[in-house]
Every structure is written in structure tokens, then in C-alpha cells.
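Some structures are shown below for you to check.
Next come two complexes, and both contain chain A; in the first it sits with chain B, in the second with chain C.
Coming up: the complex of A and B.
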């Protein structure tokens, strides 16, 4: 993505190690429990994950680049999450599909994508419209309370950056977008960036009218790699067809052709919902107009169309910016910089980046790292 | 008197359900129109008038046919299917009509004005939504001693539910932007798909199973 970038000189190894030390300590704390377990597979998976996460952070410090290294973590998370999740599903019920009886008994693992649809019914009637259980149970540890709590904590720390450091679904498209060297489709009408907001409006309104998590029932492409309602009728067959089409269209083929996260940019209502928290998040990206060449390398590199010609002219990213750092890495003049709101743009960009990354990477290690370790453990267990 | 008051209170009590079932069709349309210069009540009035006409028409039908309409599943499916097909058609027409946004002033993006008939028709067909409170009202109206009594019952049911629609005038004070219009237009299209699906389900089921 960063074809024209002239990277800043690398930081010294010693200084990079020093800056990585807090992340190393945090990671040791996170994975210490796994090292005390008797299983060799679990220990090995935890060790590999620890080295991977700390190593990537070290490279971020050393090279001063964010997107390039974050992408390795994120794509790994995207591709490995289904492994661990499906393994668990097969262990519990022997199938990817969830029978209606299991749904009615509240055994559906909760997914954060349902959160925006739950708000109106919950506020008006104190009804939770997701067929899961509020508190964790033996058969369903992914309860609503746990996942909403996690999302809330993540939103406080990351805001919209959840989409770049937490959302395992986004990792799948980012992985497919990373394969080709060049984008085949380059001109995308910026008007499409409004589509997720429309999907958000539609699913929230319909959830209020039908008391059903409409997006999960009809539009979620990730049902293809997680779980879906058992196909028992023409309606559920149509739903399965929609899931498959959206998955292969928006998560596999279009990211490959455009080098963008097309599902996030054109469909995901949760991403649009999460964008609302951009206003209260203290970190953002600014374009320093006095340095900018108007080469639009930043706009072209943005995976979610969060930069337009107008926003670049104003020196800002749009609400949809997920702080992935692609534009900062792509800028040949270092005009795109990390920024803390309330401070002067470009005053201490590296300090702003570090402060943001400590929080984001700590969350990524805790949440994404545990998912990676869990999936790796399954794979290592198979091999051993 | 008690029956009349019952209509009003039934309307007030079931208003949130009526609002929730109408919002998916009404809100996107209203948002495409919010940038027009008319006062907010003038935007909403034709819709509410259409809704009242739908209620009164159904009251007359319910009274003349007795309990037949709400009781017969075939008739219910037919009304339901046709009403939803009409909603979908209106939403698609509105989507097409709003495709040329105003370019006279930068950032204005107001959509072309709907005809007075569009919101009235939208009110009429969304008013025929056979949701549980509406069927409860129809059963009570069918039980009324006279046609006038049945219509009065439904008129007061309408007044009760309308109280919940009035906050929609607040949409007029949303910031004017081309982005908002684009979102509203995309939403119109998605909602048209949804209502088409409902219509297809109802009418297809009727054709296949009678």
C-alpha cells in the first residue's frame, strides 16, 4: 500500500527494545496462566503468540511503521479466529449450524455485531433480542454480558480503532486485500461510504419493528465462517445463500480486487455505529496542509474510504477512520501524522502514536492474542 | 362512551408498536424531505391524513364484514401482502425521485419535493399494517353497534397512536447535508427490498397454500 513512502530513519535497536519492554511485560502477564498449564500444546501456542505480538510491536518501534506490522497480526487473527471458534462448536454440538432448539434455549454465542440492534428494544421494553444467555453458562461461555462488557472496555480504549485492532472479522478481508500487489479496481465512488450508515439505520429500525437481530438473520457475511441457523426451510436456504454471496463478494473477491476492506467500507453496520465514538476518542490522524503535496497517496491507501479529497483538503480524516496507520505510512512527506486532540497538529506525532499504540496493542494482546493462542493450540494439538 | 375511551387508550398504549412498525418506511422518506423549506408539520400532515383514511376505511370494512377480516387468514394475508407491495413500490418511487439532489447551493443536497399524494399514500398503506394492536382494534370496532361507532372507535385509536408520531417533526432540525440524503436514499432502497420480501412471502403463501 505504501508504494511512494520514504520511511523515517529507523530507531536504534536499544531504544526500540526499551520502548517494547512495557508490551513484553504485559504479554508475559497475559500469557502467564497458559505457561502454568500442563498441556504442551497450550504452552507452545502461548509462547508463539507472545513472541509474535512482542516481535511485531518491536518492529513497529524500530521501523516507525504501524500498518505494515499491524496487518500481520490482524490477518492472522482473521484467519485463525474461525479455526478456534469452529473447533469449539464442533466439540460442543458437532456442527457449524445451530438448531432452532439450541437458539431457543439461549445457546447462541453472542456476537458484538448485534449490539446496535439491541439498543432500542432494550431501552423501550427491557428485552434482549439476541437468542443467547445474559450470563456465561457451561455450554455458552460467550454470553451477552461478557461480550458487551468487553466491547464497552474496548470502545473506551480504542473507539473506532476497534475495527483495526479488535475485530477478528475485519482481519479476514484485510488478509485477502494483502494478497495482490496492485488494486485492479481503483476508482470507487466515495458515495459508497454512506452505505454502512444506511445498513445501520435499516437494521436498527427493523430490529425495533420486528424484535429480531435482522443483520444476523439476513445480512451477516461472517455466518459463512462461524455459525448459522440450521437450513430447514426455503427461508433459511435463502439466508444461507445471502451469507455465502456476501462473504465471497465482499470479504474475498472485492478486497482482492480493490485492496480495500470492502465489507467494512460498504456494509458493516457495526463499523458505522463504532464511528460514532470517534468524536470522543482522543487520538486521530491529521494531514498537515503545509507539508501536503496533494498526491492523494493517503486517500488511495485508506482501506475503508475514510479519506476523501475534501477531507484531505481540510487536513482531517472522516469519522470512519479506524486508526490503522495506513495513510501515515503511505505519506511520502510525513504530512499525515498521529495526533492527540487538543494539541497542535504535528507537534509530537510520534509521541501521540506511541501513546495510542500502547493502549491499542495492550488490548490487541489481551483479546486478539488470546484468540490466536487458542486457535494455535488446536492446530499444535493436531500436529503433536 | 366507555368503548370510545377504550379506542383512545388502546391507541395510546399501542402507539409505540405502531410507530415501530411504521418507522422503517416513514423515517427514510421523511429524511429525504427534511431539507425542504416546508414546516415540519406540513411534511407530516399528509402522511397522518393518509393514515387516518386507512384506519377509517378499515373500520368501515371491519364493521360491514363483521369479524371476518381479522379472523380469516387468507383475507389477512391478501391485505397484508398488497399493503406491503404498495409500501415497497412507493419507497422505490421515492428513491428514484430523490436521485437528483439540489445543486443550487453547495452542501444543500435537498431532494426534490414529493407530491402531496406520496405521503398520503404511504400513510394509507402503512396504516393497514395488521399488527396485533390493530387487529385488536378491528375486533372491537367490528363489535360496535353502528358504522359511526366503529369509525369513531378507530378515529380515536388513530388520535391515541398519533401522539407517538409527533416527535418525528424533530427531523426537520437535523443538519442539512448531502451525506444524510444519501444515507436516507440507501435506506429507502433497503426498506423497499424488505417490504417486497414481506409482500412476496404473504402473496406467495396465499397462492401456494390458499
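Coming up: the complex of A and C.
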């Protein structure tokens, strides 16, 4: 058996601070508006979020590990997003359910999960088959144009890494997957990774046929922690039952048993849709075959089944790789490396990681950080 | 060639970081305006079809909208016509109207609804077809997007399903 190599030594504190400085300046710029607000709760929430985000980046620099520290951010995002979102819903309408009047008056926030389903109807009829307003209004700042614009920016910067640095829904299951020390279910048939593609194809075609966002109406587990149409009929009661079952099955129980993001790996059509952009995204992960021990630590650590024995043998991750860094951190020989396409694999892995993380963390701070700050503000407001 | 690919790759990586930095200040707005500029609209199933004609009544106005027809067989929405009363505050406690929906001079449907004083109380309506253009409706409230009465701010909208073939 080959000798296990030592993990990379930690970076010096001074150098880590220097590398964190751009993120600190960026974060100060992002939260500067919150600091000027009169509310103490808002200022405090912004300060805590800033320290949290910058602190995690510092730890990524110091330890050279990505996954562990990113997971703190991501799980916090997953658990705090519903707090802020539901708080706002209860303040506005006193309930999680969307009255039909809100849909008719365009007062429902747009959800990015609907984007793939919009494509065929928009091409055929130039209409968006999701309630809401195109431009932001006072009662609905999360309009369709804003959210699709945000998705476009996220895709440009992150590609499939949206699933690891932006998607608050993924944070919930990552949080549950982090609780147990060991997975109770270890062997998952890699064929399951085709399931999200099948769901994507089905919901896109069905949405084109019925002009209905089918996934949102019938399958979205995250309705359980966001908002759903009022239960007014047997049909809507069945839908609510499906939402609850999928949420507890795929977002709570299975992640706990497998330590994987099972909703992302087995169901999410948006994740599959984002995978389509993996080919054009400039950053990826490579496995250096000359260093690889075939110990499959990388495959075991991958939360979304984006590594198979075949892909490891080819030195690549699959399209589903969300650049979370779990495999890189798990590899005992540093054979799994961050990589910029066009460059030689393993030539400058830390440079590739740094460049990727600067972009990803800037987006995470802008998007996820503002969600964290908003939710924290509600909690701090309760205490103060 | 490999060196050129490497330089281009690193340049693209640097541009990605630049895009991330510029997103909240420049790109987000531009992308959002770009989406709006495509001219896409929210499905009229939610927003309501465009107005066809209006009828002035003392203190309020009735707008009859273009009919929204099932786009094809699998479309989840049944065809309907929407009628809007505004401002709701100026309406009498009970509204009864015979309306010409297709502009041929003959009334097509008799609509009746009461407006409860309690703004949170459910509205209900009846629609009696007079020409076979619409389906009969009795006591409907918020059944679905094609058969509904709803208060939207200062408007009351009524959607009556069209009879098959119309």
C-alpha cells in the first residue's frame, strides 16, 4: 500500500491575512449600506455576518481546506434562509400559503427553480408561466427580471458551483448531512445520478405542454419551508403531502443517513440544468492519475455522486461537480486538485483555488451574506 | 499552443473574478434590464388578458377583457373571460349586470355578486349564460384561475369559463 502523504502545512497567519484582505474590503463595501442604517439590529446583524464570512475565508486560506469552512457558511445559509423568508411572509400575510389573490396581483417572489421550466413556454408564447411581476415593485422586490438576472450572473461566475455557494435550499440538506459522524448507508448505486436529468427532462417537457411550472406545483420539497398554494382541494392536499414527504425523505432523513445531498443528487432538476454549464465554466477539479492511489476517498466524500470509478480513472469529475472542494480536501495524496481549464492539471492548483474562491466568495457574500444578515436581523431584533 | 491555452484559461479565470466583483454594482442591474427588454410578460393566466372595452357606470367602471383561450389541448387552464369592476369602494352592496361580452349588441351573461362589508369575507358570484357563450356558474368563489371572483386592491375581478367551442 502506498504511503499516505502528509496534509499540506498551514499557511502563515500573515500571508493568510494578506490573502483575506481583498475579501475583507469587498465585504465592507457590500455591508457599508447596512452600517449606515439607523437600526441597531441591522448594524449588528451586518457586523456578525461580515465577521463570519471574512473569518471563514481566512480559515480557508490558513488551513488550505475549502469544504469544511464553506459548509459552515452553507449550512448557516440553509437554516437561516427560511427564518428570514417565513418571517417576512408572516409579517405580510400571516401565513405560509399563497392566497390566489397574491398570484393574480403579481405579489409572489420569483423562485429560480422555475427557470428551466420557463424556457419552452417563453419561446412559444413570450410569457412566463410563474406568477409574479417582471420588474420589481414595492410589494415584490424579488421580481422575475431581478431573479433571472441574478441567476445569469451566478451562472457566469459560478456555473454549477451555484449549488455549493448560492443555493440556500442545498444548505438545508448539507446541514443535515453534517450532523452524523459516519454515514449509515454507504453504497449508493451511481445510476441514481441520472435521476435529476430525468426529472429535468420530464418537468421541462410537461411545463411546455401544460404551461404550468410542474415541479413547483407537484414536486418541490422546499415548499415545506417557503410558501405553497393554499390547500383548498384534494389536489392541493395531495401536493402538500408530496412536498412534505420529499422534504423529510430527501432533505432531512436521507442526508442524515448517507451524508450526501440526496435531494440534489436524486431529484433537483435545477441542479441538473446548472450542470449543463459545467462545460463552459473555467474552473474544475482534476484527479492527477500519477499521484492517485485509487483509494476512492474522493468518490466517498463527494456529496452529489459527481465522481465514479470511471471518472476517477479518467482524472475528471462528472458534469454534476459543484466545486465544493470535498474531494480535494479528502484526498490523502493531494491528487485531486483545483484546475483552470486550458492549464496543465496540477501546475498551479492553489492559484486556481484562490481565483475560484475569490469569485465564488464574492458572490456568496453578496447573495448568501445578505440573506444571512437579513435573517440575523430578525433574530437580533427579537432579543434587543 | 499549450502556453496560449494556459494564458487564455488564466485570463478567463481572472475575468470571472472581475465579473463577480462587478456583479452587485453594474452587472446585476444590466442583466435584469436585459431580461425585461426581451419583452416577456407574465402569463395572462395570472395577470389577466388585455382589456377589450369598458362600460361606464355611475361612480365605477366595468372592463371586459379579451377572452383567454386554452392554448392547446394539454393547457391546464380552461378558456375564460375576465370582467373587472373598479373602484370596488364605489360599487353598490349587490351587483347585477347583464353584459355583452363579444360586442354583438346582445347581452351574453348575467353576473350577480354581493360585496360583504367585511373585507376579509369570501366573495361569491353567479353567472347565468344568456347566449351559450359562457358556462353557468353558481356560488363560485376562488375555485381556480378560470372560475374565480377576487378582490385585488381596489378592483374586483370575475372570471367566467367559456363554454366549449367558444
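The rule is short, and it goes like this: the second predicted complex is superposed on the first by the 378 of 384 C-alpha atoms of A that agree within 3 Å, B and C clash if a C-alpha of one lies under 4 Å from a C-alpha of the other, contacts with A are read in each partner's own complex, and residues count from 1 in each chain.
The criterion applied here is as follows: contacts are C-beta pairs under 8 Å (C-beta built on N, C-alpha and C of every residue); 3 or more make two chains touch, one makes a residue touch a chain.
Not measured: the values here are computed from a predicted model.
Trainee: Quick check on the superposed pair: does A:132 touch chain B, chain C, both, or neither? Answer first, second, both or neither.
Mentor: A:132 contacts chain C only, not chain B.
Trainee: Tell me which partner touches more residues of chain A in the superposed arrangement, chain B or chain C.
Mentor: C
Trainee: Quick one: is A:17 in contact with chain B, with chain C, with both, or with neither? Answer first, second, both or neither.
Mentor: neither
Trainee: One more residue to check, A:194. First (chain B), second (chain C), both or neither?
Mentor: The first partner, chain B, only.
Trainee: Between chain B and chain C, whom does A:149 touch in the aligned arrangement: first, second, both, or neither?
Mentor: second
Trainee: Look at A:209 in the shared chain and tell me whether it touches chain B only, chain C only, both, or neither; answer first, second, both or neither.
Mentor: Both chain B and chain C are touched by A:209.
Trainee: Residues on chain A in contact with chain B in one complex and with chain C in the other?
Mentor: On chain A, the residues that contact chain B in one structure and chain C in the other are 209.
Trainee: For a test of understanding, state which residues of chain A touch chain B in their complex under the given definition.
Mentor: For this pair, the touching residues of chain A are 120, 124, 191, 194-195, 197-199, 201-202, 205-206, 208-209.
Trainee: If you look only at chain A, which of its residues touch chain C in the complex?
Mentor: Listed in rising order, the residues are 26, 30, 100-101, 103-106, 121-122, 125-135, 143-146, 148-150, 152-153, 156-157, 209-212, 232, 282-283, 340-344, 347, 352, 355-356, 358-360, 362-363, 366.
Trainee: For chain C, which residues count as touching chain A in their complex?
Mentor: Residue list for chain C touching chain A: 2, 5-6, 8-10, 12-14, 16-17, 19-21, 23-24, 27-36, 38-48, 71, 74-77, 142, 145, 148, 150-153, 157.
Trainee: Going by the contact rule at the top, pick out the chain B residues touching chain A in the complex.
Mentor: Against chain A, chain B makes touches at 16, 20-21, 23-24, 27-28, 179, 182-187, 189-191, 194.
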